[in-house]
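Chain nomenclature is as follows: A, B and C, assigned in order of appearance, with residue numbering initiated at 1 for each chain independently.
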Amino acid sequence: MSLSRRQLLHAAGAASLGAATTQRLHRRSAAAQTAGDKEPVTIQFWTHDQNYIDFFTARAAELTESPDSPYAYELNITQAPSADIITKAVAAYSAGRGIPDTVGIEISQFSRFMQRGVAEQTLLDLTDRVAELRDQFFESRWAPYTVDGRVYAVESGYPLSVYYYRQDLLDEYGVETPLETWDQVMQIGREVVVPQGKAMAAISTTGGQGGGDITQFGLLFQQRGGTFFDAAGNLTLDTPEAVEVAELLATGLQEGTILGLTDFYGGPGAAAMQQGATVGYFMPDWFETYVLQPTVPDQEGLWRIQPLPAFAGGGSRTSVWGGTGFAVSRDSPVAEATWELLRYGYLTRDGQIKRWQEIKYLPTMAEVWDDPALTGPDPFLGGQEAGQVYKELAPTAPTQYQSPFWNQLTVELAGQLAELYNGRTSPADAIKNAAAAIQAEMG
Amino acid sequence: MAGTGSRVWRDRAVPLALTAVLLVGLVVPLLPLLWTLSSSFKPVSDIFIYPPRLLPAAATLENYRRLFTDLPFLRWFWNTLWVSVVSTGLALFFSALAGYAFAKYEFRGKTLLFNIVLGSLLVPFAVLLIPLFVMITRIGWADSFLALIVPWVAPAYGIFLMRQYIVQAVPNELIDAGRVDGAGEFRVFWTLVLPLVRPALGALAIWNFLGVYNSFLWPLVVMSSNDNLMLPVGLAQIYGNYSREYGLVMGGAVLAAVPMVAVFIALRRQFIEGLTFGALKG
Amino acid sequence: MAVSVDERAGTGRGADRALVPPRPRSLGAWWRRHERRLAPYLFVAPFFVLFAVFMAYPVANALWLSLHEWTGLGAMEWVGWDNYGEVLRDASFHHAAANTAWYAAASLFVICPLALLLALALNSRRVAAKDLLRTGYFIPVVLSPVVIALMFTIIFDQEFGLMNAGLRGLLGIRPINWLGSPEWARLVIIIILVWRWTGYIMIYFLAGLQNIPRELYEAAQLDGAGSWRLFWNITLPLLRPVTAFVAVVVLIGASQIFEEPYILTNGGPGEATLSIANYVQREGFERLNFGYAATASFILFAFVFLVTQVQIRFFGIGREQEG
């Protein structure tokens, strides 16, 4: 099982099949199967992530073959970076033409659908469709795609965050794992790892859609028990927790225990990873398949994961960051068939397991976590039982609340964090100024 | 005699030194290009090494191969090329026609109309972006190449340039002679005027081609399907989707740049002459 | 000259009138009679049709849009002039305006002098390899801003960029966080603008220099004027029309900067490199405040219009136009 998954990942990842290729391949196979009396449907499928293309292409093929499904699917794929794909979608919705049938909305982009009435006018209201199943899923992964109590998208994964580390390097330096607290991480960094010319973790200091990246700050802030916005949408950034996290990152950068990368996901970030500039990363689950495996395939077996080190002051041992909600366009001519594909892929036990097996995105359906399919060694992580690590963390993950002002949050906070990382402002001032600026824009 | 010595120095050494400085200075415009070119032949692991190496240690064509096999790069190339050619052809025709009218006819409202042409140069594209987008989508041109071509086939800058050139380069006697021979107004323009304004047409052609070929914001907003992208947008997309693979991105950048650089080098004299004509009389 | 043309035209019309009966027999005959008068209107018609549809109407539309709140979907909500007050008070707009002003100032006061200097050097009769030099310095202009931005992302990368490697190797300078700190990031954008446009502006100055009669210099040299005085008293004044043109071109160009910040820094860190065009795009397409975005673009338009009017008055471009 695990072998075939890896083969699939290699076929998709290593050869990095372009969208066009995948689409052409599938078109050919679908044409052969529509000979029966199934209703042929072509779905305009928009996403930023190759993994979703692979996953839904496989599910569409299964449904096309299945006697239970009335549809013979063909996916017409559009792939673009996560912000651009939504810009295109917005343009298409505004025009009322060329709309996607389904679009994967990266979590930070969903705020664009929260502007006055946009979600309601563009996306299919899924609230009633998911009503019966809703309890079976972690409620915290419905919240990010909910506007005025209505659900508009289905989450693609459960982006639980862990600390990824190089077992070989830490062994070499005589560092014992797991690392229990952030204080411990910083101390080991200062005393053992920095003298070796390496860092304990790397963070993204620039890049990203706000002209800066708040990923690692946000991840730790949520771990520490903070939220950017509360359930009612009020800004709740200016807290001691936020200052504490800002302080940790700033100190780490200053001491070299944390490596700041200007292009974390780009070539420079890849180079840092290949050269082993850091012994670890604190990142969500998708980091393994989306970044680690394609970037350093030769480091297979050297990596491990563990729960995030704890904050002395409280909080959880995990966090969430990222995620992508798949939505169906309200005006899609094939909305029912599209919904059927989405339901089959994401809202069934079977689909949740396949998603984990094929693209490694964690289940959002609670009971699936007890399935034996989730156990088993992960070769990239040196045979570690990754599922078990995540399973213990799953119930304790924080909820990320959305706001129509997410873009403002990103821009202002990223700007202040850049000042902080460059040592030109204090953690308290950075947080206070960012909060004030965002609040001013929220009116 | 001392004077002669210093004159020799001034005539020989100074120009030589100046030439040398200017040649060395070429590093500034050219080094980024060479760096990009060299990076496109490197595997990613070689791009980010210290100290950097200008020449790839082991050159590979892998990046280029993948652009053509894994991505619809050829398709984007073709889109960009034909859109640029068609819209430049039309732009040349309409610019020369209107430029000719402004240069050689007296007609009621001419000053006002010409001022409108000039004034339209001042409208920032940011003003047009949103309403134009809304309009284009309403008339069903979203994701259609018409949206990339039609609005821009009579560029004000082209009309201005052609008018400046025609005023100087086309003698009124020639036009009159054509009319005496019984040629209609359009035939005078087509057979007598156009051949005389080739340099300006050449300059305008390159200029317009450059503008269309390199345009980004408008195609980004108005074209949506993957197969309909223009090169710059496609490149930005490669950068977004394959951000780790800089070799791929750099290869795309090189391929996108090659046609422009080649066209420019081939037509540089015409370009520079034609372009400056407009400026001088401005 | 114009008079003689008109006279001949007059006789032509007269001859026609004598031959053709009062009511035109055919469309062809009617056309021949009015061709001279109508031709210019037909010749400029394509521009004005396109202008009306794709510029005048959208501009009017932008004005209308700027008086509304609109997400791009559904009904617009009338808010009158409120958007203007809000944009003018918006701290982000202030940042964008200040950055754009920086870009414009750098273009005027760095690119123009540099281009003039290059042009002077390349205009010197005794410099060799002129064609190569001109082509070399000009080449950045033909590249797509996207290509340029991508090139400079790796050149200015903090850890692995060519720039920091060079500075470290040659001067032993610690790596600079080019794209991650506000001032440096703004400087990078300006460096790219200089890199991209200097060769282009140079060509204009070169043309201007070549049009200055040599005799003027020779006469002044006979009067014993040094090179500096020649430059100050002859070159600069005679370059005025070109300078004026260049100033207007540069200002219009600088006010529209979009691609470089968009790709290199996405306007960041924070809003340190955000241009007004970036701001308009962000407000419209990212935040779906289309009315608000239209307002910002209109304010930019008004500003560019005023400044170029001042420039035109100052340099007297309009008057030469009429001549």
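Note that a residue touches a chain if its C-beta (ideal position, glycine included) is under 8 Å from a C-beta of that chain, and two chains touch if they have at least 3 such contacts.
Since this is a predicted model, take the numbers as computed values, not measurements.
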{"item": "Of A-B and B-C, pair with higher C-beta contact tally", "value": "B-C"}
{"item": "Most remote chain, CA-based centroid, reference being chain C", "value": "A"}
{"item": "Inter-centroid spacing, chain B versus chain A (mean Cα positions, whole Å)", "value": "41"}
{"item": "Centre distance in Å when chain B and chain C are each reduced to the mean of their C-alpha atoms", "value": "14"}
{"item": "For chain C, residues contacting two or more additional chains", "value": "72, 154, 157, 159-160, 285"}
{"item": "Numbers and ranges of chain A residues touching at least 2 other chains", "value": "87, 91, 94, 263, 266-268, 271"}
{"item": "Touching two or more other chains - residue numbers and ranges from chain B", "value": "47-49, 134, 221, 236, 246, 249"}
{"item": "Chain C-facing residues of chain B, complex", "value": "11, 14-16, 18-19, 21-23, 25-26, 28-30, 32-33, 35-36, 39, 47-52, 94, 97-98, 100-102, 105-107, 110-111, 113, 116-118, 120-132, 134-135, 150-151, 153-154, 156, 159, 172, 175-176, 179-180, 184-186, 189, 210, 213-214, 216-217, 221, 231-233, 235-236, 239, 246, 249-250, 253, 256-257, 260-261, 263-265, 268, 272, 275-277, 279-282"}
{"item": "Residue numbers on chain C that touch chain B, as the complex places them", "value": "1-2, 5-6, 8, 12, 32, 35-37, 39-41, 43-44, 46-48, 50-51, 53-55, 57-59, 61-62, 65, 72, 118, 121-122, 124, 126-129, 131, 133-148, 150-152, 154-155, 157, 159-160, 162, 165, 169, 195, 199, 203-204, 206-208, 211, 241-242, 244-246, 252, 255-256, 258-259, 263, 276-277, 280-281, 284-285, 290, 293-294, 296-298, 300-301, 304-305, 308, 317, 320-322"}
{"item": "In the complex with chain B, residue positions of chain A that touch it", "value": "15-21, 48, 50, 77-81, 84, 87-88, 91-92, 94-98, 263, 265-271, 274, 291, 294-295"}
{"item": "Complex interface listing, chain C residues touching chain A", "value": "71-74, 90-92, 153-154, 157-161, 177-182, 265-274, 282, 285-289"}
{"item": "Touch list for chain A against partner chain C, complex", "value": "83, 87, 90-91, 93-94, 112, 115-118, 121-122, 205-212, 260-263, 266-268, 271-272, 277, 407-408, 411-412, 414-419, 421-422, 424, 437, 440-441"}
